[in-house]
Amino acid sequence: MTDRSLEGVSLVASSRLPLREIAVGASALAALYFLPSYLSDYWLRVLISVAALVVASLSVSVLFAQLGMVSLAQYGLLGVGGWFALRMSHGTGAPFELALLTGGAAAALVGLVVGLPALRMRGLYLAIITLMMAGAIQVLISAFGFPDGGAGILGKSTGARVMMARPFLAQSDPAYFRYAVVIAAICYLLVLAHLRGRPGRAWAMIRRGEVCALAGGVHIVAYKVWAFALAGFLAGIAGGLLAGGVGQLDGSAFPASQSIMLFALTIVGGAYSWFGPIIAGLMLRAFPALLNEFHVDGNIATMVFGVGLLHALMTAPQGIAGQLADAFRSVSKLVKGNGGTTA
Amino acid sequence: MIEIDDLTVLFGGVRGLSALTARLPEPITGLVGPNGAGKTTLINVLSGFIRPARGSVSVDGKDLKGIPVHKRAAFGIRRTFQNEQVVENLSAADNVAAVLDNVPTDGQPRRALIARALDFVGLGAKANVLGRNLNAYERRMVEIARSTVGSPRLIMMDEPGAGLAQDESEHLRQVIRNVHRHCGAQVLLVDHDVDLISATCAATLVLDFGSSIAYGPTPDVLADPKVRTAYLGVLEEGA
Amino acid sequence: MPDFTPFLVSGLALAATYVLSAVGIVVLYRASGVVNFAQGAVGALAAFISWSIVERGGPESLSWLAGVTVATLVSLAYGRLIAPRLVSTDPITRAVATLSFALILLGFMGYLWGEGPRRLRLPTDTMSFELLGVRVTLTRAIAFGLGVSVTAIVMLFLAHSRMGLQMRALASNRELSAMLGVRVFRIDGWAWVISGVLAGVSGVLLADLQRLSGQTLTFAVIPAIAAAVIGRFASLPATVAGALAIGVCEALLTPVPVIGPFRSATPFIFAVGAMLWMQRKPVFVYR
């Protein structure tokens, strides 16, 4: 996808500090700090999962918005990250943070090893290979399951299943929720740091055109690899977060269709906006939970999401977040009145 | 110094370049010829986008054959494009930084280098303006700024003068004339604007059908009857 | 040393379904530039329709025909109603759109029929004959026969018929073809029809040979796409060879200890291998 589709939306700001964004972010974090006290246990757990999925969606959006790369394997890589995080935690008793990082690193590595052949080729081949990767991960995970306290390579327990040890600072659900939100915020900052630095500039050059990038000295494959590794890392972190939140992961919960849905919802939520992954996480987890409450079949959600993606592709590449941003802009123009100055 | 030896490029049956041989030592050299003569093809060979079927090309004594495309910028081969390649989402400064990331800086502070490049082309005040908010001429200047950072050896400009207003054209000539003094690079200027070539280039190479039909000091070349016939047209009587 | 012959036989039948699906994908891609990720889902729909008709007491021998018809209509509907709106976008967008189509179908089938275990039974399942000491059901024989004959028909069609010529023109250069008077829209439509028929037939066969499950059948597009990758989305002979290799390999791995349960990763290995092979000589295309 070329820069055409990024008209009017920019993830790469100029070098001035985005004070407005930081203020918004800080107040949002503050609000989230107080949120747990108003939620039921069930919804608190749902939101913990949402936080993990936001990071997973962020991984999809970085690849798509920065390089037009379609990865249909990110949820599978989330599973890989979760597996390694669980294995690390159960097997060595390592602190949660270390397990999280292990999950991230493992997912990044797996993603790279598998995706590398396709990174040199047309983007279509990456979509194909990641779809197959998701399928292969599905087969492996449903065969091996997730570590739950046992010994041996697979770490399967013969007795009772052991829950993943939560971080020292965040044992209770409300505390873990805040912890997850902080990790998500750190992941956002990690992405921001990339965008402001060398990788972001190189990715922008690649997006502009292969010719532009090559003439400017950018090693295209190397930077695509970097982006893919980052995305894998984020997905792995999300897996660790999810494992810590739920306590254990289910081997049957990682079908290839979940990776497709994650991709679809990231586009629908808005791949080119910071807010998009948040919308995607909510839709992926909170929407089905909501349907559950009203006893509506989960398959309806799948259909709705499919329609949503189709619609987004045909009409609004910026997704819901982009349309919200547009609406916000038109409203603020109205409010400022004619002749008002823009900030 | 550009040395071209027996360079041949084949597009299927068409000879884009046909046993081209030339030595281009001047700080600013013009490259002219009718459409399809092979000017852009030659630049693309130098950039590394096209592999020649035969022959070789060297810059400052180094054969370019072994240098992979993405490493040529670091070696010192830069260019500006007919269809400008400025990144819209990045500021002018970031556009220059994007190239500076990949070329030698000799330990100098990056911000200073970027500022110097932008000042050179007259965009010092617009360093933080996003690419999409720059007009066409400013974008061309950004491309030129990009090509002057990090010890370039050769800057190839592909029709930078197309569609410019009078004052922009003047400014462009100034910039081109000062490039060598500013960063030490040789300039290879491709353009159809004969006045631009005359005003800036000490020597000019004329191509037709993929080979050289004339090379020498610009006024002599432009007066050459062979060049007139192939490219400029016959001078009207009494004009 | 396990006896591989029965697995070879079942592998050939399985491979034939992959061949049908893969041919559909390549023909559609060559005519319209769309990689149809929904090929499997459309096939699954055909299988479910067939199954429903039999469940309700309809004639077994015609149920599959209804299924294939529905598959064709659905495929044509997408090709005529949705695909044209995306014709100006890049190949990835168009491919991802078919993915969303697959999601919609997947949700639809899950909603109507759920994921409970079922088998699709065709009347030809009970008829069989002996070959090389192995019982070959008529279904398997038909599958293999269809795989071979359909491929031959399609290749002859593309090479010698007028519409085949027009499809090849479209694949080569869409805009130029339009200027030359090729009825792009119409030819496109026919490509979607061919794709739908092939999807339906392979879906019904696969549901019979393996299992009638929305998820499994939808993702059976993966081996088909792997075969298309091997054929570089251009060469039908290579695609067919790839599909045969994948199907037979997958089946032959069934009795092998340790690796057996993971044989469904076979298409993946083949596709990666094909991609690595394609890159052995670095090529930069300057546009």
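Each chain carries a letter (A, B and C) given by its place in the written order, and its residues are counted from 1.
Criterion: a contact is a pair of C-beta atoms (placed from the backbone, for glycine too) under 8 Å apart; a residue touches a chain by one contact, two chains touch by 3 or more.
What you see is a predicted model; the values in this text were computed from it and never measured.
A.B. asks: Any idea which two chains share the most contacting C-beta pairs?
C.D. replies: Max contact pairs: A-C.
A.B. asks: Measuring between Cα centroids, what's the chain most distant from chain C?
C.D. replies: Between chain C and every other chain, the largest centroid distance is to B.
A.B. asks: Closest chain to the protein's overall Cα mean, using per-chain Cα means, please.
C.D. replies: The most central chain, going by mean C-alpha position, is A.
A.B. asks: Compute the distance, rounded to whole Å, between the mean C-alpha positions of chain A and chain B.
C.D. replies: Comparing mean C-alpha positions, chain B is 43 Å from chain A.
A.B. asks: Could you tell me the distance, in whole angstrom, between the mean C-alpha positions of chain B and chain C?
C.D. replies: Their C-alpha centroids are separated by 51 Å.
A.B. asks: With chain centres defined as C-alpha means, what is the inter-centre distance between chain A and chain C in Å?
C.D. replies: 32
A.B. asks: Among the residues of chain C, pick out those that touch two or more other chains and give their numbers.
C.D. replies: 286
A.B. asks: Of all the residues in chain A, which ones touch at least 2 other chains?
C.D. replies: Residues 211 of chain A each touch two or more of the other chains.
A.B. asks: Mind pulling the residue numbers of chain B that touch at least two other chains?
C.D. replies: 49, 69
A.B. asks: Across the complex, what residues on chain A touch chain B?
C.D. replies: 3, 6-7, 10-12, 14-16, 198, 201-202, 204-205, 207-209, 211-220
A.B. asks: Under the stated contact criterion, what part of chain C meets chain A in this complex?
C.D. replies: 35, 37, 82, 85-86, 89-93, 95-97, 99-108, 110-111, 215, 218-219, 222, 225-226, 229, 261-262, 264-265, 267-268, 271-272, 275-276, 278-279, 286-287
A.B. asks: Using the touch rule from the top, collect the residues of chain B that touch chain A in their complex.
C.D. replies: So the residues of chain B touching chain A come out as 47-49, 69-74, 78-79, 81, 85-91, 93-94, 97-99, 101-103, 128, 130, 132, 146.
A.B. asks: In the complex formed with chain C, which residues of chain A make contact?
C.D. replies: Counting only chain A, the residues touching chain C are 1-2, 68, 70, 72, 114, 117-118, 120-125, 127-129, 131-133, 135-136, 139-140, 143, 211, 255-257, 260-261, 263-264, 267, 297-307, 309-310, 313-314.
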